[in-house]
Every structure is written in structure tokens, then in C-alpha cells.
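Working notes, structure below.
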Amino acid sequence: MGLLNGYLVLGVLLFGIGLLGFIIRRNLIMMLISVEIMLNAVNIKLVALSHFMQDLKGQVMTLFVMASAAGAVAIGLIILLMVYRNKGTVDVEKYDLLRED
Amino acid sequence: MSVVRILFFYFAFVILLSAFMGLRQRSPVKALLWILLLFVHIGGLYLLLNAEVLAFLQIIIYAGAILVLYLIMLLILDVREEERSMLYLKNWQSRIWAGLLVSFFFILGSLTFVNKHRGEHTLDKLKEVGPSKILGRLLFEDFTFPLIILAFLLLVPLLGIGLLFVKRRQDGSA
Amino acid sequence: MVLNSNDMVHLALLSFFKGLIVLGIMLFHAAYTVYAERKIIGRIQSRLGPREVGPYGLLQPLADLVKLLTKEDILPKEADRFLFKLAPLLLLVTTIVNLSVIPFYPDFIIADVHVGILVILAFAGLGVYGVILGGYASGSKYSLLGGLRSAAQMLSYEIPLTVSLAGVILAAESFRLGDIVEAQANSLFGMNLFPQVIGFLVFLICAFAETNRAPFDLPEAESELVAGYMTEYSGFRMGLFFLGEYISMYVMALLISLCYLGGWSLPPWMLSLLPILKEIPPVLILLVKVYFFIFLFIWVRATFPRYRFDQLMRLSWKVLIPLSFLNLLIVMFFKLLT
Amino acid sequence: MNPENYVPTEYLPLFIMLVLATLFAIGGLLLGAFIRPRFYYPEKLEPYECGNEPSGLPWQKIAIRYIPIAILFVVFDVEIAFLYLLGVSFSSISPLALGGAIFFIFLIILGFFYDLKKGYLEWTRF
């Protein structure tokens, strides 16, 4: 087993943890953080492949992922703040305006 | 075991541990600190992968900007410890399904990959010209159009800041 | 680089001793900068400054150290104990690490990396955590507000600082500080100051704000927020915060001298005018520049009144950021001409 | 050189400096712990509130005016990353690529000036 497989497995495991976090957390902020972790997991794979395939395109892709993640976080937190103003909480379970009880 | 492997296993261990601890921590500020550890160690992993520029950009952008934004958000909204209950996966069947799904990704991702492509940026070439120069040239020459799209993407939050200043109406709707 | 383990141990030992030397010299400097500051400000305000401990008060830093070490270490009862202890460490360590990528003269640098400036920015970015966490963990309203304010200050002044550094990088086309100095020595004016006066001024103002020095020393604005994020800290922990401040003053002074004033090199026209200047050891040239900026830090503190917080924010967003981009434009223009 | 055994040796000193700095700070704290006195009583451990009895919880909701600053900081940080890469490769890229890069920078400056014009960065606005 080469080292590349190690990086790939690490990426998948980290992605799994991020997914798990997205599923089990109820705090909207922490759910957004889990998305960040998943993006980072993908970044690890991209950079690892870029290193082992000796092609810098992977690193450029990672740069784009980082930049777009920053933009997404910025707009996501603005939306979160708007929701918070209406609901007074970041607990996703309380956002049940459209649910029939 | 060679030095590379020891370093890799150290970084991998800390990354997985801090991601796990961060996502199971109930106090949001402590969770963010674990995530900070995670991001810094991912930067270290990038160093191992000969992506120096990216390693420090990872720390600058993720740890120094995005996570700070989250932290300020937490302090401002005064988010306290959340209750210990799950939003999704409340019964065991769904947990098993989720586990199967994750392991499917795991197996798919690590086994089906065939590593054949060889690019032109060998380590020697990178050392000769300087990795940041090659990275910049590649970025601006070959990815000009995505860069322009990215500019529009980053424009959105700048325009969206105005949403924060919308006054609430009396009936409570925004 | 493929090195065998023997080379690795050699490198590790070498850099360990280099690190010890740099750390020792820097701590000595930080201690005596406090003394110099009190002496100079005393003179400016026609006082004498410290003169009791030792001849001319020269042992004052030692007395300060003993005092800080023997002061009680108070953990406020509302404090988050772990974060409270972590915050000053984070601030100090991220500041000291910056010293490792700064060249002091051509061959003396602890870690000769490609991306020196990025390293400094990355660790400066991590320093914000020390401030916010220190404020949060104290469990006091003043601390929390002070921490957030200082964080907002650091964030808003980091943008013009980094953008004006982009001009320097553009001029040298390298992230390595050694290359930047060399590029300046070979350039037309011999230093970056001349095409980039605006960038230099912006960087200077931001350096004052980043190090929390007067006239931007909002954390120490007793009239507003007591002592900001440091309110609840006492004894050696507060000493760590102060040490961080003084070391970051030196980091900033070193950065300005290296990036804008040509570091250890002198401009060619000056050398051709006075050939005797070639005999000066390079480290002395750098030291003179650095001491000048440290003196400037102290002088400004004794001279200018403190900014109000909204003025501080307005200065950064409305003046410095547009100016820094203007500077970048000018540099690009120059670069395209040549 | 094989990517399998690439070690970034030039970063070893950086790591050593990190360890040294941490050791120094912790060592100072430990040294202090041995020689400093400890006389605690409840009043000493109260959070500072100008001599009054502390009122209410220390953690409260704070005005959101820090958020626009933080968001702008994130966006500018990303821009700075690209700016630096442009700076490093400035003279080796084609005019078209340079045009794209300058468009990228200018669009974000445009957004920034929009915010400035609208007064979203006025500290006293809230």
C-alpha cells in the first residue's frame, strides 16, 4: 500500500465524520462547520492526488474550493442571522413553522 | 517506518481525533477550538504534500478568517450548550442505513481509484522554478474563467451584508 | 529534499540553538524596550523615568520580572479555566514563531522557507484567537466586549496591512523575505519606500494598530473598557500578554525595515556617494532601522491622543483600505512600465 | 525525486521554534507557580465590575455590528490570497490572464465600495 491510499482513506474518514456531525448536531452553526469539514476532506484528497500525480491542477482546484467555501460561509451566516432574528434560536429543531403537529 | 509515514500517521490521527472531538463537544466554543486544531493540522498535512502556499493559505483563510467569523457569531448570539439529542437518525434503522452509506463511500473511494495520470510538475521542477510561481501561473492562465465566476460568487456576500440592515416590521416578520 | 536522519538531527540541533539565541536576544530586547519606553516618555513629559533600581534604573526590567513572577495568579470564578489559561499562551507563541522566518542578516534565518510572508500572516491570524478567547474565557462583561473590540480592530487593520504587503510581493515576485531585500537592493531607488510611499504609510499605521499600540491602544483604554480582554488577567499571565505586545512590535519593525527600507542593504546611490558605508556590517544597518521604528512607536505613544473606537474603524475602512489598493495599482503600473 | 518520500525539511526549524516558544511560556508560568503566594478569598475571585456587585451573566447577546466587519474580512482574505499569487507570478502571465485577475480584484473592490457607499460599515449605524 502506497502512501497515497493512506491520504485517500483519511479523506473518506474525515468526510464521514463531517457527515456524521451534520447529522447529529442540532445547532445550525455546528452544522455549517460540519460542511466545512467535509469540504476539507475533499481538499485533502485533491492535494494528495495533485502531489502523487505531479500535477498542480489539484492545488488550484483546492484554492477554488477554499475561496468558494469562504463566500458560502459568509452568505450562509448572513442567512443564519436573519433566521435567528425571527426565531431567536439557532436550534434547527425549533424551526418548525411549516410542520404540522 | 520512514519519517514521512510517521508524520502522516501523526497528522491523520490528530485530524480524525479533533474532527471527532469537535463534533461531539456540546459547548460550541470548545468545539470550535477542536476545529481550529483540525484546520491547523490539515495545513501541516499540506506541507507534507509539498503544497506550502496552500498550507498557509489554509491557515489564513480557514483558521484565520472563516473560523473567526464563526467564533464571533457564537459570541454575539450567545449560543450556549445545546441539549443532547439528535435531529436526524432517531431510530436504529436509520443509523444503520447511514453507516452503510458512509462505508459504501469509504469502499468506493479507496478501492476504485486507479492512479495512472502523471503530470508535468515533478518535484524537481517545482523546486527549480518555485512552487508558488508555478501555482500562480497555472491559476491565472488556465483558470481565468473560473476566477471571474469566483469574483461574482464573492460579490454576493458583499451585497448580502445589506440584509443585516433590514429593519424588522412591527408584526415580527422580517 | 531527501535528507538522511543524520542530517535531520544536525538541522534540528542547529535550528534549536539558533532559536534559543533569537529568543534570548528578543526577550532581552523586549525587557529593555519597556525600560526605554518609560525613560523616553518620562523625558518627553519632563520627568526622569525609572531610576531607583540599579544605576540609572537599568535593573528595572529585572525588578519588573520578579514582580510579575511573584504576583498572585487569579482565576476569576466565572472563568472557563482551560481557555483562560490557553489564551495568553496562544498569543505569545504565535508571535514568537513569526521570528523564525525573519532573516536578521543574509545567512542568519531560522527557517528559510519559500513562503515567509504567508507564514507571518498565518500566525498573525491565529493571534486573534488569543484575544477573543481571553475576552470570552474571563467571564466578565468588560473582557468580552474588550476582546471583541480588539478582534474587530485586528481584523480591520489586517486587510490594509496585507494589501500593502501585496505591493512588496509584487515588486519582488517572491514570498521569501530574503528575496524581497535582494530585489530592493537591485532596484532603482534601492528601497521599496519610493515607488510605494502610500503603502509604507498604510503599513506603518496598521503596524501600530496590529500591535495595539497608542494611538490605537483600545485594550488599554481605561476610560472605556477598563483593560479590555486583559481585565481579569494578573501576574505572569498578564506579563505574557505584554511580552507578546512588545515582541510583535519588534516583528512589525523588522517587517517594515525588511519590506520597505531595504533591510540590511543600503541603496546603491548612497553607497556610490559614500563608499565607506560598505564597511558597515549588514546586521548593524538592519538594527538601526529597527531601533528607529521602535523609537517611533514610543514617540507616537507619548505624542498622540487615543482614537475613539468608531474613528478607528472609520480610519481603516474608509481611508486605509482604499489607499492600500491605490498603492497596489501604482506598483502594478510601475511594474508594467519596466 | 519520488513523491512517496518527500519530507518538507525546511519546516522543521519552524516547528522547533514553535516548541521552544511554548516551552518558554509554560516554563515561565511554572516558575511563577512555585514562588508566588496564594491567598484567595471569594471577593478576590469576583469578576471586575468597577467595585459594584457583578450583575447578571457575563455572556450576553451583543450588537451584530461586528458581523459585517468579519464577513468583509473573510471576503478580503480570500481576495488577498489570489492577490499574492498574482504578485508572485505577475511578470510571467499573459495579458489576458492579467486582465482576468484585475477584473477579479476590481469586482470585489466594487462590492466593497458599494458597502461603503451604503454606510454598512458605519460603526454608529446600529
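Note that the chains take the letters A, B, C and D in the order they are written out, and that residue 1 is the start of every chain.
Here, a contact is a pair of C-beta atoms (placed from the backbone, for glycine too) under 8 Å apart; a residue touches a chain by one contact, two chains touch by 3 or more.
Every value quoted in this text rests on a predicted model; they were computed, and no experiment measured them.
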{"item": "Between B-C and B-D, the pair joined by more C-beta contacts", "value": "B-D"}
{"item": "CA centroid of chain B to CA centroid of chain D, Å", "value": "17"}
{"item": "Gap in Å, rounded to a whole number, between the CA centres of chain C and chain A", "value": "34"}
{"item": "Whole-Å gap separating chain B and chain C, where each centre is the average of the chain's CA atoms", "value": "29"}
{"item": "Separation of mean Cα positions, chain B and chain A [Å, integer]", "value": "6"}
{"item": "Sites on chain D at which at least two other chains make contact", "value": "1, 3-8, 11, 59-60, 62, 64, 66-67, 70-75, 77-78, 80-82, 85-86, 88-89, 112"}
{"item": "Contacts with 2+ other chains: residues of chain C", "value": "8, 113-114, 118-119, 136, 144, 148, 151, 155, 173-175"}
{"item": "Two or more partner chains touched - positions in chain B", "value": "3-4, 49-50, 52-53, 57, 60-61, 64-66, 68-69, 72-73, 75-77, 122-123, 130-133, 135, 139, 150, 154, 157, 161, 164"}
{"item": "Contacting chain pairs - touch in the sense defined above", "value": "A-B, A-D, B-C, B-D, C-D"}
{"item": "Complex contact set, residues of chain B against chain D", "value": "2-4, 7, 47-50, 52-53, 57, 60-61, 64-66, 68-69, 72-73, 75-78, 80, 122-124, 130, 132-133, 135-137, 139-141, 144-145, 147-148, 150-152, 154-155, 157-159, 161-162, 164-165"}
{"item": "Residue ranges of chain B in contact with chain C within the complex", "value": "3, 29-30, 33, 36, 40, 43, 52-53, 56-57, 59-60, 63-65, 68, 71-72, 75-76, 130-133"}
{"item": "Residue ranges of chain D in contact with chain A within the complex", "value": "3-4, 6, 64, 67, 71, 74-75, 77-78, 81-82, 85"}
{"item": "Chain B-touching residues of chain C, taken from the complex the two chains share", "value": "5, 8, 80, 83, 113-115, 118-119, 121-126, 128-129, 132-133, 136, 144, 148, 151, 155, 173-175"}
{"item": "Complex interface listing, chain D residues touching chain B", "value": "1, 3-8, 11, 59-64, 66-68, 70-75, 77-82, 85-86, 88-89, 92-94, 96-98, 100-101, 103-104, 107-108, 110-112, 114-115, 118, 120, 125"}
